[in-house]
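Residue numbering begins at 1 within each chain, and the chains themselves are lettered A, B, C and D in the order written.
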């Protein structure tokens, strides 16, 4: 056991740090550090910079163009990006659909789709959830009927994060109603510019449109866009979901936000308030304990062991921590978190903010928005069901 | 709405206060205030004093010899007794079996049993739970077979509180195995001196024997000891359980213990420790909120309304508060709560206690013991099931 | 000791409830938010219901009702997430009726009661956080008139008000002043707040003002207590409806082929929400019943205890309601998310939970410190 | 960065686990409690396993192992609720190996390693609560020898020890002394503690003592850190077994015709217990890995953070385990209740959660204050 990173790992960190410092646009980092609103270009711009360096696909095997990093190196890369204030990598392309294409797509599909994902040129969205099927994903109803050399897709997806920017969407669709619900599902890649695709943004409680409904009305999808075999999509989706992702804990971002919380608490004169400081102290212990848990999982993965009984805890604790720091940030601003001034949430606003500092404008909306973290990606209730299974059978 | 007690109610409180002050033995009050161990005589002695005054049966209707108090007066009586440091009234006789005898017993039974309960002469125990049937009471197995003019009882009860002192025990017994489990249960009064009754004390985690197993080996019970009709016991038991008892919240005792906690925190120099004091402050709010909830239920009862949806909350919150103050009392003593010196837990011990104060000796054991409060009387999980039913149907 | 409502109180509740159900639909509310968070017509409707000047004595032109009536009204308005700041009418009425001289009362209590005049308290200062007393607003007297200068934040519907009650320092002591709409040197910039209601940033530059009282600390403190009690009652109403919405949703939504109200973990969560609601309701009663407590420290403690409990309750109920709804709970189009946002804003109004815990803890008595 | 155990560490774990399973049954433990809470034979058996002097360098006669080995041993002893205070062997070994002069080392390290000598720290004073430094124990030097006078509480197995390490004030500064069994003026009164282990009240009256170090504060602080880390590791072991016991019970116990492990509310509770266990385990690792952290404040913070997390974890796991068991969970005859009591005692040992939260909060850094 050793808490210290090896000299090689430290050198790797330095390399990443210097590169990120040199290439991350300052204005984007400012927005991220203050949680101001990011444009599509802010996000995709950074993705393309990473793509050019070959680091957008940082988790991919070398045979598909990944850098071949160890689990620890991937973690250090994520940490350096987060601490520097880089936008989060939108996962739907490089982290979610790419592994499925690599594992189950044919050579033609790999050649066609992977380069655009690795370069950041093509924006992917996810089409899993439907209005009636959230935790119970297998009950999905969107149909794809094979007609000649294409599928005709009808139905509706929802909660499609940033789908308004999407070029392509990977979908679970029903190709058969026979057998168990899981058996009739296929995995289909759909060009979002196809006729019949409509995207309707859903305004969330913080005023932003972060998710969307996506409607499919007789959308023609070439049969060559089917991944693997018809009716085997559930297997591929499970592969995607079970794909080890320690970053689900988002501990690096929480470290950055913890520092920000301390900074704002100082600004607000709360550092001397033992009651508020104690709340930060408790959060600090939480973040540290989560980080240790993440490192344990990384160690296990690196040595080829299955850390499944701990990995299930990362999502729960990680999301609870995100909610807590967003809440404390809002409470630190106190009354000055109350004005809802949309313009103030974008960088560069020159107005007079009632609290005196326009960066306060985002704190309550972020708190509101972060209620999602215990709901999405498998609600924490579902996660607890899974953890209980590992303990109780 | 009025938070103040009426002049009549205040006068009533004064009368009770003066009488309790005059009649409660000082040595017993000292033990109660410091949670030192009480002997059978301490408990029964006080019951007899109350009985002589006619106040042991303070909840009974006047026709059966009760004082005819209002719900508020009963509450004030309970409060004055608690604050003065009176031992709790052992409920099995006056509060639990007596109402059943009054409602479902025949005149003969009422004449035979009620006077001994009201005077405190006869110590009653409760025979409900069995090793296999806790929350699922209806699954009980203790059998009573009718043979001529008596029943022959075989089986085992458990968790019989203070059963080692019991003269009589009221039991739920199975008289039929036909139909639903609930339908074959009868309500039987059993003389604990009968041949075949064996009481085995169960040592609890605090070292004391507060509960017992009671074994019945071919115990002959005269048929005239059956309450009401054979196989109708479940109805009577439910009557007992649903019998409105705001005192289940035990808020008066919690008020006394809150004061004690403050006293000990001061002694230990913790009053200046904002972290510890905040914990007391939170508890104080909890106790107050519970008291308001109790008073709401009392008001509703007084005006003939059904406060059922709130009443269900009293047990949950009351027990959580008891656990919390017992925990804070232990933590206030800190390291000095650790010595386990049995003799020190009785009044009058003259030894040198490692913490310097023998009253610290009981704090950790009380904390341990109070884990029972969220388990007994219908576990808090069962209570939450019931509350959820009122909200969700 | 009595926690029952009188028949009159129950009728008042019914009247307000009916108005909310009929007149304050989610659609109308959306429209009000879209047009700035305050609707003068609503204010007039509330006045027509007889709710303005509710606790002002009849002799002074008010309705002459008591604290419990005010609480009942606020609970019901909370159920409908009514944006218009009714609590301001209560505390402005109290300040004027208790402290203003006859001339001021004559000028303002009648229009307040008729709903013609919206009078609000402008007390929040920049950098003052939850501190009540003014620090940066100065008053000076010259030639028989007063002028005030300073800045106030988050003044409820401030840019639409007809008069403001403004705490300012007069020779180093807190005094309360009344400033009329149209007075010189007033600048008001309105904006929405997180719950959709309206507030304004206000600047006073040598603005002529009428003195209400030089005993400003006590008057302001009591106004704050009314504010705290109002938050408690509103919170109870908001939570009441939140539980109903959540229970309805759980009884409709199916996953894995069953209605999710069947899942025990969710059922227990609902039981815990009910607990928090009832603890909160109990402490809201307590707050309103303690508003006239003669002993100052005890009154302060009582209101802080109530606000602390409500803070705990509103946080739990709000957060869990969203969680139990899942995705729909975080959308703007679903009404439930607005209940959550309102509960959050109420927590931050008049001092958050940690602030009030501090007051309770720092002033804690050695006795049990509870009733009786 | 590596959180894997070496093969040697895994073998050590296996060896201790086997001994616990074979040699430290609940029955034997009951007997030890009944006869006073400490069994010399057990101490000898632990020595025969090679566990004494574990972290003392080989050059000084010890086993020359590291912190992680000590942690592994403590986890396994925790699983068996071993009453004998193994942590004392670790910290006494550390104090002597790091600070004592050659003569003292020669006299005591060998018997410590062989298990012949039980050496314990006597640091708790009356009224000092969780303060580490001595306040009432004085040392004086005359004619080349030291004598100490004072009183210590809760000294682990104090009346059965062969020597005591005693912090005392020497000219106002903390120094550590070694007192041998049989020295004049020593009085030791033994008793049980809540978890069934043994402690003693000790009085020293002009007792001859050997000076270990005048740098007593630092040495004592480090001993306390080892104590804290030991509590963490023991707690992990106790919690590990508590979860197993509880899961077994839920899978056996039937109510309403079904095994109660089917109830979702109980399942989620188990998931939360698992969470607390793993957070605690992670922070126990962290504590042991930080024992040699060179920066003093960072080391202090690290140990306090670990103890705080373990405090939270042990409280939740202990309380919920009892609750999930129901009645049987509060009986003395069921082993589970002893796990709960041990978790409680561990929380109170070396400073409770609030104490350590204070250290973390009062020394908090402006950076994230976490690893990397």
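The working rule: contacts are C-beta pairs under 8 Å (C-beta built on N, C-alpha and C of every residue); 3 or more make two chains touch, one makes a residue touch a chain.
Each chain and its UniProt protein: A, B = Pimeloyl-CoA dehydrogenase large subunit; C, D = Acyl-CoA dehydrogenase.
In this text the structure is predicted, and so the values were computed from the model without any measurement.
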Subject >> Chain of greatest Cα-centre distance to chain D >> reply: C
**OP:** Measure off the straight-line distance from the CA centroid of chain A to the CA centroid of chain D, and report it in whole Å.
**Re:** 42
Original post:
Approximately how many whole Å separate the CA-defined centres of chain A and chain C?
Top reply: 39
**OP:** At least two other chains touched by the same residue of chain C: list those residues.
**Re:** 263-265, 267-268, 357
Original post:
So which stretches of chain B touch two or more other chains?
Top reply: 274-275, 278, 381, 384
**OP:** Counting only chain pairs that touch, give me the topology of the graph as line, ring, star, complete or other.
**Re:** complete
Subject >> Residue ranges of chain D in contact with chain C within the complex >> reply: 263-265, 267-268
Subject >> List of chain B residues in touch with chain A within their complex >> reply: 274-275, 278
Original post:
For chain C, which residues count as touching chain A in their complex?
Top reply: 124, 126-127, 129-130, 153-154, 189, 191-194, 196, 199, 201, 254-257, 263, 265-266, 319, 322-323, 326-327, 329-333, 337-338, 340-341, 344-345, 348-349, 352, 354, 357-358
Original post:
Once bound in the complex, which stretches of chain A touch chain D?
Top reply: 1-6, 9, 72, 79, 255-256, 258-259, 262-263, 266, 274, 277-278, 280-282, 284-285, 287-293, 295-296, 298-300, 303, 309-310, 313, 316-317, 381, 383-385, 387-388, 390-393
**OP:** Would you mind writing out the residues of chain C in touch with chain B in their complex?
**Re:** 1-5, 68, 243, 247, 250-251, 261, 264, 267-268, 270-275, 278-279, 282-283, 285-286, 288-290, 305, 308-309, 357, 360-361, 364, 366-372
